[in-house]
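Note that chain A is present in both complexes that follow, paired respectively with chain B and with chain C.
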Partner chain A sequence: MIAAIENIGRFTLDTSLSLRNTLTFAIQVIIRLLNLRTYNSASRMVFINQFYFTSVQILPLFLFVAVIFGSLVNGMAFQVIKNLGLYDYLGRLLMGFVVTEVAPFVTVLLIALRSSSAINAEIAVMKVNRELNMLDTFNIDPINYLFVPRIINGMLSMVLLSSLFSLVVLAIGLFVSSAVFGTSVDAYNDTVLQAASLLDIVIVLFKCATFGFFITLIPIRLGLSASMELTSIPVVVLGGMVKVFLSIVVIEVLSLIIRFI
Partner chain B sequence: MVQKVEFKVGLFIIVATLLIMASIGYVAYKKGFFSKVYTYTLSSNTAENLTEGMPVVFWGFNIGQVSSMELTERGVLIHIKIPERNNRVIRANSKFVLDKPLFGTSRIIVTTDNLNDPPLSPKVFPEITVSNDINELIKKVQPIAEKLDRIGASVATLTANLADPQGEVTRILKNVETVTAHFSKKESLLEMAVGTKESVKSIQDILSNVNGLTVRMDGILKRVDTLAGKSDEEIYGRDGVFPLVRNILRDLLAKLAKIDATLDNINQISVEAVDSTKDLKILRNSLDETVTAIGTLVDQLDRIIPFQDKPGIKLP
Partner chain C sequence: MQSFIAAHKSRLGLVSLEAPLIANLAVWSNIALIRQYHENMPWHEARAFTEALLHRLGMASIMDKRNPALTSEERFCAMLLRASLVRDAIVVFDKPFGILTNLRDGCFIMENLRKLDDLIAETHIFDYNWEKERYGGWDGTES
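Up next is the complex of A and B:
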């Protein structure tokens, strides 16, 4: 009984400590993000490379997924809407569900699966190989040189890719709507625009940036927590990915609460 | 290699950013974000069912929304914002109705009879009238409920009467029972009506006499019919009075026509005679003038020959 209570207490303390460390680290990074001296040619090169690997390389796969997913979602949803006679809700479905919820979620999953795990493993390996100590030795700030470019890359990639996903789904929605309902381009535009809200779009973009921030920050912080043994690398990658998914769920819930307050 | 990566990254960022900015700009433009917005103020006695962001609807289209509300000494002032493209429907004669549907959210409905009227002045605060579906429904249901209430009261009275041994319904039932008892005792309705069998017999005798009288009256009427037939023959028959009178009248009409022609001739003659008398009058006047002239001549001769005796002139 006492052991069980001790376990609960230990778990709570560990979680709180981890959360505090993450938030502390996040504050440090945000301060650096806002500092212009952080940005130099070296960090710019790191950013370009990271952005290339995160957004540009994935682009064909991402667009393919967007087309397939958009066709499936639009096809199924429009058929249901047609059967129920709820054409008036077409715009709300596209803007309120696909654009504001599905597009960021699919994008963040793709980036997390591909880039977050890579960042997590990369930082852990650098830690094990004492490369971070080497940077310190050369008086190179790892936050400025390694972390800030990756986090900016994560935020920007999320915003751009999520927006592209939304545009692709909306474009496919036009074709599906025309095929299922026989609607014209103007009627489709009016339906979508009527449901669109600038505030919702701003919230979605902010949500995407927040997703991008945390799905790169958490793997970096977990990578830094690796020990000097090679066996710790998969452990921290595993823990980092779990926490990334937890953060995705928490951000999603928080954004929903903010939207519907 | 580095330049190639930089180009790809730069191109992607530029294209994606342009696409996103264009999409957001398009939505903002269509939502009237860049167009001029007109603000009007409405007044109301209460802010109940009014909320910020509530749509303003005209002919089923959202043309604006409630931007803010404030409580003042003159009541609640509601500020609505209308984009420039929809501003033409807000006129001086526009009426604003707060529509509270039975289901769904409330909204302000604008009705404008004449879109050519002058625009609504921002200094004028039109009052919002309230259209409440629930209250309307209650108003419609209220008379029905009152009728049901009255029906219920009537049913209660009836049941009370039925339950009361001294009630009207019980008395009616007792009377019906008495009547049916009488029916069962008497041989006929007539006996029940007059009371005794003797009276019934008297009535039967009277009816028999009436039957005899009826037979005699039939005979008399047949004779009268025969007489009337004969009279018709004498008056309207071939040698009856009516054809004779008709022939006499025809003859008389022919003679009158002849007399009418004769009278026309006489009239003509009299007109001509009148003309003849006019000529005689002229002749007489001429003779009078001649006589007068001869007289004058004699007078002059007398003056010329004074001692001579007056000669006598014989007139024609």
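Up next is the complex of A and C:
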């Protein structure tokens, strides 16, 4: 009994400490993000490379997933709407569910699987190889040079790719709508635009940026926690990915609570 | 050596296995990083500048290579160039024969240092006593 209570206590302390460290690191990074002196030619190059790896290289796979997913979601949703005679709710379904919930969620999963794991491993390898020590030797701040460009890229890529996903799904919706209901382009646009709320769009953009911030920040922080042994790399990548997925769930739940308050 | 490094940190250009090249950057990016970060030198200017310096050392062909693809001499030259790009560089060699594992003496080091003479303010070598002979004839060698 005492051992069980001790385990709960240890788990609570570890979790609280980890959360505190992540938030402290997040505050440090936000302060640098807002400081103009952080940005220089070297950090811009890192940003451009990262943007290419995260947002450009992924495009074929991302568009493929968006088309397949968009077709499935639209096909099912339109069939249900037709059967129940709920055409008036078409816009709300597309904007309130597909654009604000599905698009960011699928996008964050794809980016987390592809880029977060890569960033986590990259930072851990840099630490093990003493490349981070080298930066310190040459008075190069890793937060400014390595972390801030990656985090900005994470936020920007999330916003852009999620918007692209929404556009693809809405475009497929137009085809399905005209096939199922015989809707014209103008009528479809009206339906979607009437259902769009500025607050929802602001919340979804903020949610995407928050996703982007944390799915980059957490792998960086966990990568830094690697020891100087190669065997620590898979351990920190595993831990990092678990924490990334936990953060995705927490942000998703928080955004739903904010939207429906 | 640690106290020397700490005392000259702002102008330190370290050539050491403890300060490796970044493995996922090309040689030119590793070298140009110093000026790009500290002086905000635009990348195209930094690339041209680095290319000219690599030409000086006869190493232009390694410009786009990455660390794992370099020979020990090429790696040493890349590290030396990176160190010499620190403003008023105090270049510190930490056991250079640990990097140049297949060289018998320090002629290669001396020759490359001469070619970069205008960039370097001071040079210091830290090595084991028993390596002293390999630097034979150098002034002011202290182990």
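We adopt the following convention: the second predicted complex is superposed on the first by the 261 of 261 C-alpha atoms of A that agree within 3 Å, B and C clash if a C-alpha of one lies under 4 Å from a C-alpha of the other, contacts with A are read in each partner's own complex, and residues count from 1 in each chain.
Criterion: contacts are C-beta pairs under 8 Å (C-beta built on N, C-alpha and C of every residue); 3 or more make two chains touch, one makes a residue touch a chain.
It should be emphasised that the depicted structure is a prediction, and the values quoted were computed from it without experimental measurement.
Peer 1: Please indicate which partner A:Ala196 is in contact with in the superposed arrangement: first for chain B, second for chain C, both, or neither.
Peer 2: first
Peer 1: Of the partners chain B and chain C, which touch A:Glu122 in the superposed model: first, second, both, neither?
Peer 2: second
Peer 1: Figure out whether A:Leu156 sits in contact with chain B (first) or chain C (second), or with both, or with neither.
Peer 2: first
Peer 1: Touching A:Arg130, do we find chain B (first), chain C (second), both, or neither?
Peer 2: second
Peer 1: Looking at the overlay, does A:Asn139 come into contact with chain B only (first), chain C only (second), both, or neither?
Peer 2: second
Peer 1: Which partner does A:Asn40 contact after superposing on A: first (chain B), second (chain C), both, neither?
Peer 2: Once the two structures are laid over each other on A, A:Asn40 reaches chain C alone.
Peer 1: Quick check on my understanding: which residues of chain A belong to both its chain B contact set and its chain C contact set?
Peer 2: Residues 45, which sit in both footprints.
Peer 1: Quick one: in the complex, what on chain A touches chain C?
Peer 2: 40-45, 122, 125-126, 129-131, 133-134, 137-140, 145
Peer 1: Spell out the residues on chain A that touch chain B in their complex, using ranges where they run on.
Peer 2: Checking each residue of chain A against chain B gives 45, 48-49, 51-52, 55-56, 59, 156, 159-161, 163-164, 167, 189, 193-194, 196, 198, 201.
Peer 1: In their shared complex, at which residues does chain B touch chain A?
Peer 2: Against chain A, chain B makes touches at 2, 5-6, 8-9, 12-13, 16-17, 19-20, 23-24, 27-28, 30-31, 33, 62.
Peer 1: Give the list of chain C residues in touch with chain A in this complex.
Peer 2: 5, 9-10, 12-14, 18-20, 22-24, 29, 33-34, 36-38, 40-43, 46, 82, 86
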